[in-house]
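Next up: the structures, one after another.
Across the two complexes that follow, chain A remains constant while its partner is chain B and subsequently chain C.
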Partner chain A sequence: MSDILKVENLNYSHRLKKILQDVNLTLESGKIVGLLGENGAGKTTLMRLITGVAHATGDITVAGASRIDERKSHVSYMDHLGAFSLGTHLDRIVKFYQTVYEDFDVDRFNELADFLNIDLSLKLSALSKGNKQKFVIALTLSRQVELYLLDEPFDGIDSMSRKDIINSIIKWKPENATIVISDHYVSEISSLLDEIVVIKDETINCNLDADKIREDKGMDIEDFYESLYERGHDND
Partner chain B sequence: MTSFKDFFKILMGQKFRQMNFVLLINIIAIAVSVLWTLINGDFNNNTFFQVALSWSFIVMLWAFLRITVTHESIYTRDSYRLVPISDTKFYCINLLTSFIAMAYVAVVEFVIGAATAAINWQEYVDSFNMMRMMYGTRVPDAGMIVESLLSMALVMMVVTILAWTTVSLIHLLTRAGSNFMPYRRSRIINFVLYVVVIYIVLRVVGFMMNLVMNSTDMFGNSSDVWHFVLYIVGFLVVSAIEAVLSVYLMNRWVETVSES
Partner chain C sequence: MKFDDKIPIYLQIQNYLDRQIISGELAPGDRLPSVRQLAVDVTANVNTVQRALSEMIDEKIIVPQRGRGNFVTVDVDLIAQLRLKLVDEQFALVYDQLRALNFSDSEIIDKFVEYVKDRGALNE
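Our next item is the complex of A and B:
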């Protein structure tokens, strides 16, 4: 396995507030990684920095590429489609993806769309939150890249849709690609994970193998994650 | 990496669709206005041309504002900024597609104007010849009128480019600057920041324009054509400087709007 993501000495402030400090992180290829942390911990920010839509000091390398435009061609990040008006038909958005991303696999997208029951003739405005999230995930996973960043893919959606999304992640994950899933509800994704990265106190608190947590510490991931915050509260 | 052609196709398609909507509304407005004139009993051979001409100014302004809004939002939306393409190409394609979309509206407006003028063309020619007979060389000949129209079109094109590069620079400077403003009372601070940035940029651009005009005046004695060309080149140089600064800001400081 090779390193797919390398983050070194990353520091980021926004509006005079420190969000991330001295972040160092290395991820290998072929893993499903849980990026965990409370609301506002900096999970989304870290993903945005990796994709290059936000800027910080420090070094980020994805699949050996450090230049922002090159990095973008190795990362597929959940785009919340804010650039498209609500009247846009889904097939037009698919066409957009097909045109601007040379790694976009239409066949794979069609399979995913079938699997997730997405009706492409609809307009964006006709989608429920869950269906929009499914559509976004289908778009994100249909690119053939080394690193997928799924930012809170289960946010505000029902349990059936969650199951569909989890199944689609398992089924369509390319063997050598790494998928990073951010969430603050660990129970939903713990069974998926090979590794966890916890952001706490503006930095990476821990980066551990999921099996090691289960075997060495005798805890499931959810309990381990909660224990990090209990310790924090005891210290307070 | 995304090619110039593919990204161009996407942005051009979007702006074309917007401009087609503007032009559709324009045609409906002309039709309704002509119908209204007909109902009021004021219809004559000039009506089509007069109505088309009066709507064309509003349409051009609307098209310019609509493109400007789209042009600027493209810099801060994830859907576009996630595309693997260099910032320089991104900026150039955005500017080029906006320019082509605006030129498209101008050409269609010209065609509508010409078509409506053709209905009563002979009368306009007769009036023009009459004025030539009455006032002689004080009335410019057809060649001079065409030359003036072409020069005006060229100036309009250059001014439009300069307007977009200036608006983009102000927008990107403000977005970059807001990263360093505190969260508290950020709306008031953002407003102050906007005013300060707009003032500074306009002063700097004004200074550069004066510089261009003064330097062209120095060379301008030889011929009016040479003088005119220097002005145009000067404006384009100012636009190019603004574009370089904007690309630098995109590359280092400007973040997209967080949509999650």
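Our next item is the complex of A and C:
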């Protein structure tokens, strides 16, 4: 397997506050990776930096491309559609994606939309939280790229929508592509993950194989994740 | 499929498929669903399913055929061995628990014979 993402010596500050320090991370192709950390730990920031919508010092390489403009064609980052007015019809947004992204696969989108039961004649404002997340996931996964970044796709949605989204990820993930999913409730996706990356104290705390954690420590992923914080308190 | 998150997922998938083979739901010579379909069926990722299958291929319970997919072995002796292994695993659990409660071997045997008789009578 080849490396799909390489982050080297990444440092990022915002208004003099250090958000990420000395981040080094390498991910292989073909994986599903859980990006874990408390709210505000820097998960979204790291995704935005990888995508190239925010800038930092250090090197980021996606599928061999390190320049921001080149990188963008290899990464599909889950957009929360904040730029669209609530009155926009979903099919207009799909058209927009087709226009902006050369790699947008309409057939794949239609399959996903069908599987997730998305009514494209609706306005954005008519969507429940779960249906909006489904729509966003369908858009994100319909680009043909090597790296997909899903930012808290299960935040605030019901368990049926969650199952549908998980199944669509399993069904439609291209074999060699890697999907990074950020979440602060790991238990709802842990069976899906090849490995976890934990962001803590402004940097990568660990990057481990999920089944290896279960095998070596006899712990579930959530307990392991929580144990990283308990250890932190002992040192205080 | 509901997983116990403390136990490696690939082992649980392997166990699930072993049971299907022992119960005959997957018969000798049957073709398994594709890796992707199995992943959807059990809600796990493709790599984890592939790892479970690799273990089973090592044990020769599953035989891969190039370009055609994975097949359950037609070697019924191997399936018989798998069946016995599963009995051992189940007995090991019960035995360890009862020994931990200071039951003697002969008590365990006597009680077990009695238990099977009672259950058997109920099932008739």
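Simple rule for what comes next: the second predicted complex is superposed on the first by the 236 of 236 C-alpha atoms of A that agree within 3 Å, B and C clash if a C-alpha of one lies under 4 Å from a C-alpha of the other, contacts with A are read in each partner's own complex, and residues count from 1 in each chain.
Everything below uses one rule, namely that a residue touches a chain if its C-beta (ideal position, glycine included) is under 8 Å from a C-beta of that chain, and two chains touch if they have at least 3 such contacts.
Treat the numbers as computed from the prediction; the structure is a model and nothing was measured.
Student: Could you tell me whether chain B and chain C fit or clash when both sit on chain A in the superposition?
Tutor: Overlaying the two complexes on chain A (C-alpha atoms) leaves chain C and chain B fitting together cleanly.
Student: Just to be sure I read the superposition right, which of the two partners does A:Arg48 touch: chain B = first, chain C = second, or both, or neither?
Tutor: first
Student: Classify the contacts of A:Ala83 with the two partner chains as first (chain B alone), second (chain C alone), both, or neither.
Tutor: It touches chain B, and chain C stays clear.
Student: Please compute the chain B to chain A to chain C angle from C-alpha centroids in the superposed arrangement, rounded to the nearest 10 degrees.
Tutor: 160
Student: Just chain B (first), just chain C (second), both, or neither: which does A:Ile221 touch?
Tutor: Second partner only.
Student: Mind working out whether A:Lys72 is in touch with chain B, chain C, both or neither, as first, second, both or neither?
Tutor: It touches chain B, and chain C stays clear.
Student: With both complexes overlaid on chain A, does A:Asp151 touch chain B (first), chain C (second), both or neither?
Tutor: In the superposition, A:Asp151 contacts chain B only.
Student: Identify the partner contact of A:His14: answer first if only chain B is touched, second if only chain C is, both if each is, neither if none is.
Tutor: Touch status of A:His14: first partner only.
Student: First (chain B), second (chain C), both or neither: which does A:Glu102 touch?
Tutor: A:Glu102 contacts chain B only, not chain C.
Student: Quick check on the superposed model: minimum Cα to Cα separation from chain B to chain C, whole Å please.
Tutor: Least C-alpha distance after superposition: 26 Å.
Student: Both chain B and chain C contact which residues of chain A?
Tutor: In the superposed arrangement, which is not itself an observed complex, chain A uses no residue for both chain B and chain C.
Student: In their complex, what parts of chain C are in touch with chain A?
Tutor: 3-10, 36, 39-40, 43-48, 51
Student: Applying the document's contact rule, which stretches of chain A touch chain B when the two form their complex?
Tutor: 14-17, 44, 48, 51-55, 68-70, 72-73, 77-84, 96, 99-102, 151-152, 155
Student: List the residues on chain A that touch chain C in their complex, please.
Tutor: It comes out as residues 30-32, 163, 166-167, 170-171, 173, 175, 187, 190-194, 210-211, 214-215, 218-223.
Student: Can you name the residues of chain B that touch chain A in the complex?
Tutor: Contacts found on chain B: 1-3, 6-7, 9-10, 73-74, 77-87, 178-183, 186, 251-260.
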